[in-house]
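First chain written, first letter: the chains are A, B, C and D, and each begins at residue 1.
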């Protein structure tokens, strides 16, 4: 099963104004840099972006914010971004804030055909407003629904032409669940391999969840908070 | 004398028990890792996807693919494991993490906590805090007893939008160690040299004082 | 002449399209893998945890840790991947598998299927069948048109306990290819040499016959 | 974090009559052979066993059935076992049959703090009896609840002293979800390693889900259906 596309242009074909996109990554870690650049180039607008964070002013999803391509962000935490703040406070940008665990589980649910599930997270807070509350074992929970996207765009360390993906370190984060939840899932990888080169025991995302895969290039992998100690 | 942030962290570190998995929030909680007693074996979980988090890397050894939930570069200890965000919150929601330490803007005497939103100010989001407080069996709040305006952060009821309801078990501030019990904040320990009266004055919520209140040992 | 089991499998194999992930049930469905046309690239999922299932191993190369859902020893093709049962059914329930082929004891004209339980007989369980039929967008039933007593298995409504409701899209039997449409079983193709009258006689449910019904090409 | 116990006897300490146990495996593939033998030796009775299958007459959970140690089986498929059939038909054994995907997801939910979720599997069948039905996107779903166990007993290929586990091939099956759902989870492994010997990117079950781990021995790994082709 060959999922390979020639380049980022081909990978992003069909992404249109007004679509809902899932974008993998946590902060600037594990984000699909090539595809984000291509979205800027395509200048698609009115996007709803589901991503744990919104990048920084000049990197990650911040690049799309600069060009006002995003209509709505669905995230758990959106600090570190002045342009984001300006657009949000001025009402140009809609923001839906979701507890991080609920965001991850809602993406997984979307990919796994689970339309809704109960979680204790957010009970008694404004997150619970309008949501069904039910007690289990004496503890109140709220009903959360699945999330899906027209396109999910993820970044992996290694991948093969069958779409199987392996992530590195904490760059895994939201990428595997989002890969499951995209109607079309695009994977960009640092290293693209032939079938059989990945050990089938060590694959994080089975290729069935991926529709298009390509060899990324020029990864900057910017570090948001460089913290070190002295030898 | 009131504790500084490092001393608050140091006092919280005394609560840790061998075999516990611990999630430390940003700010004072992060400092707790610096004060683990010898012989106490705990493992740190960071909700972005690592168990067995180690110290910051040496200069030049930073790996952009290895960060903590505060987006800081970190290292992994032997026996560490990486996982995705759904699995991470399965650990948290499923109560496999024995202790969560996090900061707060307000705590109520019934254990409510507010730490993510100030109306009228920029809202950055709750991150993983709502999952953490709703799930953890054992939550310690690390914070200053009063805010910059000198107002108590231990209240009858929270004025800010809540992060979680009835979930805080213990609070360690610059002035005191308190437990949330039926009826209010039970004073367990005073900071060295801080009087019960000073703590009373700094606490808006119901303060329960039973017998002599010992000083913390740091 | 009515088809034998291998010919039923051969006819079903014609339905497969390149790029599809396919789950084959036990019995006739398993035989479908033997008849994939050259140039059609599909991948087989087995719900116990493998994508990219290959043929049986050569004698002496069996691996107890590598089986299919029928508990048979198998092999893995290049590009295969192993996963746990929750992930496996995430693929199925999330409709990432394009085609499910399975056997049935009864099918109703509204697409209900019964294939797991006969009251009064030993019940072995539904295994993954209920998840498969409730989830798949595209389900083909492979079965004999009548049971051993000569009674039709294509019914107005099922008499046996159901496995799923309104889910069957297509049926390939030893006599015919039929589609479940509003109003009944639409006859698409006849087995070579089998007359429409014979199919009518063997079908208890409403049979919809429009125009000339072509013979299958095998 | 050291989860190691000396042997199977120590691993199974505390397992008592009337408890609910989850037992990993699919058919005879990936079952905790050492622990099952120990359960026979301990002769604990009145057990509720959650396991996808019930073994064969003289292997796997069939060994517990022979000694009438099991009061109730919660499984998706229980063929291949005459003694099972006899006990079930005579009413000695309670059997709760669950669709395989729902069984897997209910174990995961139990481990993940999700008390209930909606699934389409089983709607309109006797599995749905007494369960809430709700439509999502025009499609009816039923509400299924989480499963947990006093002890979960799993079998892995490799493990380290921190409890991290790696499975091999299709022997993974239900083991990872059950490991999540046990109040106490026991892991027996073919190869027990020191911390750091497993690549942290390649671990299937993080050690946090495992309370006790030991080096298993004498694995028979019986094959249920030996199917081969000729060279």
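By our rule, contacts are C-beta pairs under 8 Å (C-beta built on N, C-alpha and C of every residue); 3 or more make two chains touch, one makes a residue touch a chain.
From a predicted model like this one, the values you see are computed outputs, not experimental measurements.
With every chain reduced to the mean of its CA atoms, the largest distance from chain C is reached by B. In terms of C-beta pairs in contact, A-B outnumbers the other of B-D and A-B. Chain A and chain C, compared by their mean Cα positions, are separated by 36 Å. Our note on geometry: chain A versus chain B, Cα centroid distance of 28 Å, whole angstroms. If you average the CA atoms of chain A and of chain D, the two centres end up 33 Å from each other.
Touching of two or more other chains is recorded for residues 50, 76, 82-83, 86, 89, 92-93, 135 of chain B. Residues of chain A in contact with two or more other chains: 105, 108, 112-114, 119-120, 167-169, 200-201.
Viewed as a network of touching protein chains, the structure does not reduce to a path, ring, star or complete graph. All chain pairs that count as touching, in label order, are A-B, A-C, A-D, B-D, C-D. Remark: chain C residues 19, 21, 41-43, 45, 50-52, 76-83, 86-87, 89-97, 135 touch chain A in the complex. Residues of chain D that touch chain C in their complex: 26-30, 52, 75-79, 85, 88-89, 95, 97, 99-105, 107-108, 119-127, 157, 167-177, 204, 221-231. The residues of chain C lying in touch with chain D in their complex are 46-50, 55-74, 76, 82-86, 88-89, 92-93, 112, 122-131, 134-135, 161-166. Touching chain C in their complex are the following residues of chain A: 1-2, 108, 110-114, 160-162, 164, 180, 194-196, 198, 200-201, 203, 206-209. Across the complex, chain D meets chain A through its residues 105, 109, 112-120, 134, 136-137, 141, 145, 166-169, 200-202.
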